[in-house]
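Should a chain be cited, it is by its letter among A, B, C and D, assigned in written order, with residues numbered from 1 in that chain.
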Amino acid sequence: MELWIDALIVLLILTNLKLIGSSRLSACIRIVALQGVLLGILPGLVNPDQMTLRAILLSAITIVFKGMVFPWLLLRSMRTSSVRREMEPFIGYSTSMLISVGLLALAMWMGGRLPLPIPLKSPLVVPLSLFTIMVGLLAIVSRKKALSQVLGYLVMENGIYAFGLALALKEPLLVELGTLLDVFMAVFVMGIAIFHINREFDHIDTDLLSALKG
Amino acid sequence: MILALIFLPIAAALAVFGLKSATAIRVVLTTAAIGHAVLTVLAWILPPAPVMDGWLLLDAPGLLFLSITSALFAMVSLYVLGYLQRENWGKRQDFQEDFLFTNSRESAFVGCLLLFLAMMTLVTVSQHFGLIWVAVEATTLASAPLIYFHRHRRSLEATWKYIMICSVGIALALLGNFFLAVAATLAENDHVPMLVSSLTAKASLLHVPWLKAAFLFLLVGYGTKLGLAPMHTWLPDAHSESPSVISALLSGALLNCAFLAILRIQQVLLAAGLSLFGQNLLLGFGLFSMIVAAAFMLRQLDFKRMLAYSSVEHVGILSLAVGLGANAGYGAMLHAVNHSLTKGMLFLVAGNILAVYQTKSIREVRGVTRVLPFSGALWVMGFLAITGSPPFGTFLSELVILKSALDQGRFVIAAAYLLILCIIFVAMASVVLSMAQGEPGELPAGSRNHPSLLFPRESLLAVIPPLLLGVAVLVLGIYIPPFLQHVLEQAARTFGMV
Amino acid sequence: MRLILFSLMIFCFSGICSFFFGKNPRVANMMGAGGTVMGALIGLVPASIVLWTGRIAEFQRSWQIPYGSFSLKLDALSAFFLLTILILSAIAAIYGCTYLWDYRNRKNLGASWFFFNILVASMVMVVISHNGMLFLMAWEIMSLSSFFLVTFEDEIKSVRQAGWIYLIATHIGTAFLFVLFILLAHRCSSLDFTHFIASGVNGTSLTGTAFLLAVIGFGTKAGFMPFHVWLPEAHPAAPSHVSAVMSGVMIKTGIYGLFRTLSFLGRPEPWWGWLLIAVGLTSGILGVLFALAQHDLKRLLAYSSVENIGIITLGLGLGVLGLAVNQPVLAVLGFGGSLLHVLNHALFKGLLFLGAGAVLHATGVRNIEQLGGLIRHMPWTGTLFLIGSFAICGLPPLNGFISEFLIFVGAFMGMGLSDVSLSSIGVIAGLAAIGGLAAACFTKAFGIVFLGEPRCTPALPVHEISWSMRLPMLLLALGCLGIGLLSPWIISAMNPLIGNVTGLLINDIDVHLAVIVLPLQRITALSCFFVLILASLILLRRHLLSGKIPGQSCTWDCGFLRPTARMQYTASSYAQPITTMFGFFLQTRQTIHAPEGLFPARASLHTHTDDVFLKRLFHPLFHGIHRLLLRLHWLQQGRVQIYVLYVAVTLLSLLIWNLR
Amino acid sequence: MKMIFILHPLGALLLSPLLLGIVNRTKAFFAGRKGLPLLQAYYDLARLFQKSAVYSRTTSWVFRAGPMVGLAAAMTALLVLPIGGGAACLNFTGDLIFLIYLLGVMRFFTVVAALDTGSAFEGMGASREVQFSILAEPALLLSLLAMGEIGESAIDSGIPLPHLSLSGIYAGLSFSAWMHSGTVLLLAASALFIVLLTENARIPVDDPNTHLELTMIHEVMVLDHSGPDFAMILYSSAIKLWIFGALLAGILVPVRSGDFLLDGAATLGGIFLLPIGIGVIESSMARLRLLRVPQLLSGAGVLAILAIVLVLKG
């Protein structure tokens, strides 16, 4: 069982690295979709003993939204907006790879410093989530396109989810649904914003969105 | 009753989304605002019972911030009536870069406004950390379209930054909530519910490292929304590009909500005996924010941006005060009230000036006291109030904070605090005076006010709301009514300060 | 007490009324001025009662603000300042009524009167308030209302600049006062003055700090060098009756504050006295030097206010020193002279500013170099201005001499004592030098403006001012003469006041005052004798010249050549020997186009003396801070990526710092 | 106050013009001329009082008032002036200040009267007058105080705080005072002498005889006065010379018998010797360059300060 968990976690980590490394926008979107699906599976593996209806429902929703709806939205807006297919990073791919490896180490260290009150099946969950969040931030910071920033945001959310779901918090459904809804809304609003940006500027290159300063 | 407070605006919003005719929309807006205000007043008279087994409950700080929000919203909705009238809805030219743009639909605008109100109300009344988070995030989403009311590039850019940065911050806050949950886990299948009350009750059992980490995440997360430097970066853009009414709400009410969220977690830290950890962080952030604000208010070219930075400054003062603790907590509560009223007033007046001069550039605005005597007077008065000169309320709160700093023997902090306040006074004075005084140049065509006549007229709807706010600040400087005093002290005591 | 509250109400009410009647200048004038006069008359009653009897009137109400309580107290000190404030304000109001009339078509007189009344009310409040919060509020309202009065003609750039400097200076000064009061009420739950005296800080290590804070905070308002920078800017900018009030009484509230604070701090230490004397010497000598170098009449008067504040401070320092080394006679004479000079300066500086206002009103010119020969067109103004100048030079038999005489004698007393002697000699030499310089300064001011021939033809036909402007000046002049001739009685009447300040017993004070009263009586006698001789000489001259027709001619000048107005000695050349003698302090800028060639073209010489402290001290300081802060501007680049980076970095660094 | 004290002022009023005559005589003697009669000053005064006056159209009443105020001030000053050990009619604590400020009154009105003519010359003179007085006043004051602080004055009776009033001060300047603190007295006396030369417009500071140099001070200010006005000016300057003479002679002739007449007579002798000294200096020395005068005066100030520091610390 642990084997599977670790494998899954390593897989997630690899998706992060691939996301940072790959240059094609569409590829990135697909990776994010994959991540979403994997995340949906994760809780089931981490604590199989409590596969309540609620947990299952949650996983299902997760997979549906993160694995299908968001990627579909993104791909659609990518097609509608005549956007070039490259990521156009500030920081080169190899450099960002190096950075992300460093971040991975950092995440490991932090995970070590924060012992869980109730040890999980795998000690890697916390580092994984932290790492995913950092990678998301890195994606937001180091990429020019608005789309890629939304991607980064999604990855961040995934990280947070990894944490939340893996710990299967004893929280009423409301909160989780609420959070999920919020994320959905956020991405939705961002999509609209991108649509408008595209209409106003004929590009979604947020690097050029820097008129307001000082 | 609490539910009524929340659902009245929501219902109104839904109604508005359906409506077409402008008058109907405005009627609904006003009625909703007034209703909300009335409900708030009722909440003062007979405290409402907690709802949803303690998830929603109105304690002293909640009541305080709720009333600020409600009062400000009432004023703003009054102002909005005049504002929507003078806005022309067709395509029109932008005055900085001359491209054409339109406004978004009135119904959408008002609807989002009402939703915004509902979500802020939710923040003030909710006791559950998850719920607080949901509400705060919802405020972001509700206010984004408001900032993008004028559909042109700069406002779009501002909106984008607002969404992006705030969402990131909020996401971090979410993680913070999860950390808090971890900290609250006692054993397999047993943990403290995420209610403020229960967390404070069982505070001794919480896991300290996780609690600290949670606090860091929540601080940074909600701090982004609050506008603490260096997470404040979205604030000037959003405030300067959104319509003045929205800016008034953003810095008058929204910041308070984020502040309340941070105070809640501080409350838990206090119960867990970690309050110093939180206070020192808040102190540091507060001072840094003040410094940054001062730096950007010097040689500022855009008066709405200047006001935005002054919000950053006052957020700094607030968190500095909480950091100082003791009596400064009372000062912080009082200052929150004063700042909201004053800043709301200033933004509304800025809206009047903008409407006549058609520019936000400080250099091009001269002789406001001639062109708009009332707005000009209010502008100067607001400046004096916001910089904490007697006899305005801000003076009291800032003095209380200063006194507790000195009484604790923290002379360096007190000195820095005073120095920054003086610098900001200088910066604002040179801006505001240069705008208010002097010979007005020629105004853009179609403005009724002419520098030639000694007593020009202004529309009541544009003057009354800021005037009322200003009077309120003035009164708070001269006399603090006992009931308010009582609630302020209670609120301060809630966060372990007095 | 009720009467004072009543007069306060009158001030506020009339101010507000005149504000609302702003559209009708005549009514606004009537309301504003009338209200001020009436309020002043009512307020004078309790003030004089308290002053003569020494009884203390109090008023206590609780007040719903932190640390606050609405408690007023009218003791002799307050009453004295109250008297000064009310008298001068009322007189200035009468004057302003006519003075402002010319602006009725360009300005909203209502607003001006509103702020004037508020200013008076707040000054009254400052001197009678007995609670820190109340004091601070009144203090700031005073500053703000006077600021709005200064920027009356805000369409002029220099006026805006002046107002700006004034606002900044006074606000920063007030910041020091915040700290001072909080320190005084250290760990107290209230800022009542009684707490200051009771618990306070006296005896603790903070006393010295508190004293320094008071000197800076109140000194900024009073115009101690180097905190005087706002004064020469603001006074010329304001309308003349406002300058009279500001320079005559408003800056004195700073002195009042110092007196008050000293009463909280318990027994002073010697170095306080030394510091005050040093400040006094600096302000006195440099103030009059700068005054001498000015071309603008009102600016000159403003600098001379700095000088007189210096004299007042000398007396104050002497008194503090006396208390510190336990020499009551020093305290009595020093404080007495200082307080009396407060009143005197209010009288003659008010007179001079009103005179300057009359000149401005009649000619529209402020530059001394362009004026001249006015006394033949406006004999009243000229004569009254002469009286004012005579008094401010401290020459007998007018009032200026009396107060300086007190301080002189006090210093003489101190000369013998071991650790006071040096400072006493400083005071003596300083006062003497100030006297000489003041004489130079005001012979220049009066002589160049009113005597000789007009140096350039005035724009509008010069006319004598109306009686409504003449009468106030006349009253002030009479006041100068009266105090000069009635000095012995006035001094003995000041006994309770001095007792209030020094904390000595009435009888002891009488003993010490005896030292000065006899001389004053003789001085009065001699003054009368002087006047007698003068009168007889006048009669003699008339008798000698009777029957003879005095010849009329142009100025003889050794019959050189027919003198023209352009050949007259100018103000700058009159002051030049002295300004060059002290050129080191003044740093006067000169631009010379010397005559060249056999048939030289126009030659010209321009001199300008800016304030050394403003240029060398404050400008660099503020620019330094400014540049330092502008360094931070790279933070806001406009790239959303960078912004998110800030968030991330903050978070990570905090986490690492926390988890390490 | 005994009537006898009136003698001194009256004597001063009568005899002061004589001093001018003595000065001129001395100078004439050194120049090898016969010179004017001793009483020339009286003749001049008489003649001028007879004459009518001529006024410039530029001038106002200030111009006419100047001489009278000056004379009145000088006469009043005589009342507080002791003659040697002999007390003045009126003495009181700090009367020295009153004296100095009366001289200030005199100066003030001379100066404004000069400015009233609107001529370049007189303006120039006025400006120099005030410039020098700035330095002269403190020197005079401090040197007087230094003499007071010697402490001998305590023995004198009747005067409260004798060391702070002229009469008391001068009563104390006996031989013994010279014995134990001669240096102080010498310093004070020399400072006083320099001030005397300045205030009375004497060489090396000023030259009373020339009227047409750009370097004059006092004389140039009174160019336009004529007739009775000029007479008053002449008279008041004579009295001024007398005043300073009395101050200086009081130091240099330390006869303190306690008997008013004796002391007065001795000092009177001193006063009459003084103009001879002035005359000697005037005929033996050239006038200083104007720029040097301030240095001379500040020299006097330094001497005075030195004196007072000596007496206070010694």
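In this text, a contact is a pair of C-beta atoms (placed from the backbone, for glycine too) under 8 Å apart; a residue touches a chain by one contact, two chains touch by 3 or more.
Here the structure is a predicted model, which means the values were calculated and not measured.
**Q** Of all chains present, which has the mean Cα position farthest from that of chain A?
**A** D
**Q** Quick check on this structure: which chain has its C-alpha centroid closest to the centroid of all protein C-alpha atoms?
**A** Answer for the innermost chain: C.
**Q** What whole-number Å value describes the gap between the mean CA coordinates of chain B and chain D?
**A** 78
**Q** Report the inter-centroid distance (CA atoms only) between chain B and chain C in whole Å.
**A** 44
**Q** Give, as an integer number of Å, the spacing between the C-alpha centres of chain C and chain A.
**A** Inter-chain centre distance comes to 71 Å.
**Q** Once you find the CA centre of chain A and the CA centre of chain B, what distance in Å lies between them?
**A** Inter-chain centre distance comes to 31 Å.
**Q** Give the residues of chain B touching no fewer than two other chains, as numbers and ranges.
**A** 160-161, 164, 168, 172, 209, 213, 236, 296
**Q** Check each residue of chain D and list the ones that touch at least two other chains.
**A** As it turns out, chain D has no residue touching two or more other chains.
**Q** What parts of chain A, by residue number, touch at least two of the other chains?
**A** Counting only residues that touch two or more other chains, chain A contributes 113-114, 137, 140, 149, 206, 209-212, 214.
**Q** For this structure, give each pair of chains that are touching.
**A** Pairs satisfying the touch definition: A-B, A-C, B-C, C-D.
**Q** Which of the residues in chain C come into contact with chain B in the complex?
**A** Touch residues, chain C against chain B: 22-23, 63-67, 108, 133, 136-137, 139-141, 144, 151, 154-155, 157, 160, 163-164, 167-168, 171-172, 175, 178-179, 182-183, 185-187, 622, 625-626, 629-633, 635-636, 640, 642-644, 646-647, 650-651, 654-655, 658-659.
**Q** Report the residues of chain B in contact with chain C in the complex, numbered from low to high.
**A** Going through chain B, the ones touching chain C are 160-161, 164-165, 168-169, 172, 209, 212-213, 216-217, 219-220, 224, 230-231, 233-234, 236, 281, 291-292, 294-296, 298-299, 330, 367, 369, 384, 387, 389-391, 395-396, 399-400, 402-403, 406-407, 414, 418, 421-423, 425-426, 429-430, 433-434, 437-439, 454-455, 477-482, 485.
**Q** Would you mind writing out the residues of chain B in touch with chain A in their complex?
**A** 128, 130-131, 133-134, 137-138, 140-141, 144, 148, 151-154, 156-161, 163-164, 167-168, 170-172, 174-175, 178, 181-183, 185-189, 191, 194, 207, 209-210, 213, 236-237, 240-241, 296, 300-301, 305
**Q** Within the complex, which stretch of chain D touches chain C?
**A** Residues 49-50, 52-62, 64, 68-69, 71-73, 75-76, 79-80, 90, 92-95, 97-98, 100-102, 104-105, 107-108, 111-112, 115-124, 126-128, 130-131, 133-138, 141-142, 145, 149, 160-161, 164, 211-212, 223-224, 227-229, 232, 294, 305, 308-309, 312.
**Q** Touching chain B in the complex: which residues of chain A?
**A** Its residues touching chain B are 113-118, 129, 133, 137, 140, 146, 149, 153, 156-157, 159-160, 163-164, 167, 169-171, 174-175, 178-179, 182, 185-186, 189-190, 193, 196-197, 200-201, 206, 209-212, 214.
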